[in-house]
Amino acid sequence: MMYDWLNNLIGSPILAMFIVSLLPLFIFILPFALLAVLAERKVSAHMQDRLGPMRVGYHGILQTVADIIKLLQKEDLVATATDKTLFNFAPLLVFIGSYAAFAVIPFSGFFIGSKIDLGIIFIVGVTGLVVAGILMAGWASNNKYSLLGAMRSAAQIISYEIPTLLIILTVIMLTGTLSLYDLSELQTAYFWNWLILGGPAIGIEKILLIPLMIMGCLIIYTSTLAEVNRTPFDIPEAESELVSGYHTEYSGMKFAMFFLAEYANMFAVSAIVSVIFFGGYQSPFGYLGNTLGLPWLIPIEQFFWFTAKGLFFVFVQMWLRWTLPRFRVDQLMAFCWKYLIPISFVILLLVGLITLI
Amino acid sequence: MIDYFVKFWQGLSTILIGMKVTFRHLFVPAVTIQYPSVKPQMPERERNRLYVNMDDCIGCDQCARACPVNCIEIETVKSLPEEDLGKTSNGKKKALWVTKFNIDFAKCCYCQLCVFPCPTECIYMTDVYEFSEFRRENLLYDFVTLLPEEREQKKKNLLEFQAKKEAEKAAAAKKAAEEKAAAAQKEKQEPKTPNPSEDKKEENNQ
Amino acid sequence: MALKTEEMVLNMGPQHPSTHGVLRLELQLEGEIIIDVIPHIGYLHRCFEKHAEAMTYPQVIPYTDRMDYLASMYNEFGYALAMERLMKIEIPERVEYIRVIMGELQRIASHLVALGTYGADIGAFTPFLFCFRDRERILHLFEITCGARLLYNYIWIGGVSHDLHPDFIRLTREFIKDFRPNLKELNDLLSYNRIFIERTANVGVLPLDTAINYGVTGPNLRASGMKWDLRKDDPYSVYHKFDYEIPVGSGEKGKTGDCWDRYFIRVREMEESIKIIEQAIETIPDGDVSSAIPKRIKPPEGQIYTRVENPRGELGYFIISDGSVNPARVKVRAPSFVTMQVLPELCKGFMVADVVAILGSIDIVLGEIDR
């Protein structure tokens, strides 16, 4: 719809397409990544009874800007014994894999990057590029520790994609649609229509579905946490064991790309969880635009709710990081294969049975 | 089988309890202060940089001997008998010129062992703790208040005084030797019994 | 056809975020499993024992501070106790009480560092800051008494350097009141956390006979099941006047003597220390703290070995005096040095990530090992 509106406004389809594809990047994701770095430091500081960055800007707001300037002016070290093509290409792959997922996430009822029918599967496919990027980074660094970190990370991401996919399958089975836009439209206003509380259909199934949906939400939240390498699953970047894992050898802008890609990825998975279970951009209480009779207010409100839900889940991810210790590698894999996957299968089965009722 | 579910439940509940603790701490005010603009209050007995009040120093060398890392260097020069160096604040009369009193703060371990033996309490610890320098030589503090020429002067004075005393002693000895020679010669001319009082005087002169 | 495998040697070098000081560990790995660990020490050797032969007896005290810099009061305590027994000096009772209070506060501070850094090695960053916030209160108490926060030069031969500050007892009471809920919070956040228990239970089990054979003492020995504490079994100073217990490891979450036991023993020891401090500040007598400090310390010829209970184990001082003002020999039996020898035994068969957990749980300080 944004594309149609812009097309009507400007007249040239190519220019409209260009603007539509760049808008989320510059207006939303990059500022978000900058703010998320600062927010992480401030949230962690306040949880630990201290203050965090306070000097740059008012209460440290411009800290990330200072960090980016610092990273930009750093010397771009490339060791001689590395595989230079792979070394230079790896951060790009990781960056692209994280940012491309935003193409199909509906930011509001009015704006979605690309309204394809395969929404969720596109995201799962594109985030697989991240694995390739991490392996390339670990291998090309020519460093025992980076290689170890990269292998562990690859194993982790691939294993944890399975519970994610299983829960997504459950939701698809329930609602019959793959597209994230349709999923959001399905969970119309008022919070009791959200999928976590059983979905819009009223009936006995709704009550039966609630515990299963809550379980499913927890599982998908945990497994997407593992996909973005956040604590408690941050073995690849574990500082105390392997110095810095697969991005030890990177400096300057390439390091910044890994860094920003991680935060964008965090938001992407929070957005996915909120779209699937919590209604995406739908408001829990009905729209002000409807009550006031101003139809143009509705997309703005939807954007606000979308951002609020995404930010809440990002906050929960940060909260978990500063509370929990780290898993050991074999315990991580055991957790996935022995706990998450069997429970996801059971949920899949039970939801399938319920839909037959 | 039961163990499986128990572990799962325990995992979930302990994570939630931990999250509650961290969440509560979000609202606790910070315990840190913003250092350069807000400085913490130091207690009275703190141990920071030393200061020596040279007016009270009597040059007794106790602090240099007590220091475990030998960071205090003291050199003193005896004063001439007619010079009056004044009194310290607790009434002791000073008798030594202190020409060198260096404390090397790069070596000082801030243990306070030099403060206790000082009889006049002229060396003590202040509350200055921000005294970093760019060059290591600047950390060698010199506390003596005499100018370098004055210090040289005092040393020269002492040497002159000692030389003068030596000369006096040599002259007195020479005079005594001459008198003895004159008395011996007188004896040769008039042999008489030696006078006990004269003998005593000679012994006294030696 | 069998695959040819070879052992990989990994170096956890002197500069590493989680070896507690400058320690070099050479790990011989087969895949991820450890076959052997060879520790290389000596990076922090400062010739303390030789140096002490050139100093006079009171001048050695700042040097003893710097051995185990996280438990300085106890190092001074051991040395002063050894010298007083050698010179047969009677010290006033107030001095004994002050030394016990300072020693127990120091024990709490040292355990807080051990627990905080252990959590940080495992990956939980928040308990580290909570522990240091509490330790800051204790360091403030030390600062108002003697002026320094880490290396005190407070406990002298024959007494202490300053009497207690007038505010000390009030501030200590406030600290104790705030500390008990903080301990409970630490338990909620870290000790009973399922992930932490998975990481540390059944890892690095130290059987009791191995511990006794190697000469391990302190919390590590108590975690393996033996109730041995020098404060009760070889009492010194006024410890016999207080009522406290000795916690012993019992394999609550795994085997007896694993990392979780060693960690939790320290938490319980902190509680017991709080009890001792409470009793001491209620019953401290008045007196003059500097009346027994001799003007010139010139002990008679002889030698003596004294041992005290450091937060890390049994700290022993062996002093030989030849009648002059300088000691002829000061030998220190550092508990961390002895505990370090157990490390290869503990690590065999575990993974690389466990080395970090095991090293953190035995709580060594390189200053003590290398002196």
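Order of writing sets the labels: A, B and C. Residues in every chain begin at 1.
In the analysis below, contacts are C-beta pairs under 8 Å (C-beta built on N, C-alpha and C of every residue); 3 or more make two chains touch, one makes a residue touch a chain.
All values derive from a computational prediction rather than experimental measurement.
J.: Grab the C-alpha centre of each chain and report whichever is closest to the global C-alpha centre.
T.: C
J.: Suppose chain centres are the mean of their C-alpha atoms. Which chain sits farthest from subunit A?
T.: B
J.: Just the number, please: Cα centre separation of subunit A and subunit B in whole Å.
T.: About 67 Å separates the centre of subunit A from that of subunit B.
J.: With chain centres defined as C-alpha means, what is the inter-centre distance between subunit B and subunit C in Å?
T.: 36
J.: Between subunit A and subunit C, what's the gap in Å when you average each chain's C-alpha atoms?
T.: Computed value for the inter-centroid distance: 45 Å.
J.: Out of subunit B, which residues touch more than one other chain, so two or more?
T.: Only 15, 18, 21-22, 25, 31 qualify.
J.: Of all residues in subunit C, which are in touch with two or more distinct other chains?
T.: Subunit C, residues with two or more chain partners: 126, 133, 189-190, 193, 195.
J.: Scan subunit A for residues touching two or more other chains and write them down.
T.: Answer for subunit A, listing residues that touch two or more other chains: 47-50, 322-324.
J.: Please name which positions on subunit C make contact with subunit A in the complex.
T.: Subunit C residues touching subunit A: 10, 17-18, 32, 119-126, 129-130, 133, 189-190, 193, 195-196, 198-199, 351-354, 356.
J.: Which residues of subunit B touch subunit A in their complex?
T.: Answer in residue numbers: 8, 15, 18-19, 21-23, 25-26, 28-32, 34.
J.: Can you list the residues on subunit C that touch subunit B in the complex?
T.: Within the complex, subunit C touches subunit B at residues 55, 58-63, 126, 133, 136, 143-148, 151, 153, 161-162, 165, 185, 188-190, 192-195.
J.: Okay, in this complex, where on subunit A does subunit B touch?
T.: 43, 45-51, 54, 319-320, 322-324, 339
J.: Which stretch or stretches of subunit B touch subunit C in the complex?
T.: Going through subunit B, the ones touching subunit C are 7, 10-11, 14-15, 17-18, 20-22, 25, 31, 43, 45-47, 66-68, 109-113, 116, 125.
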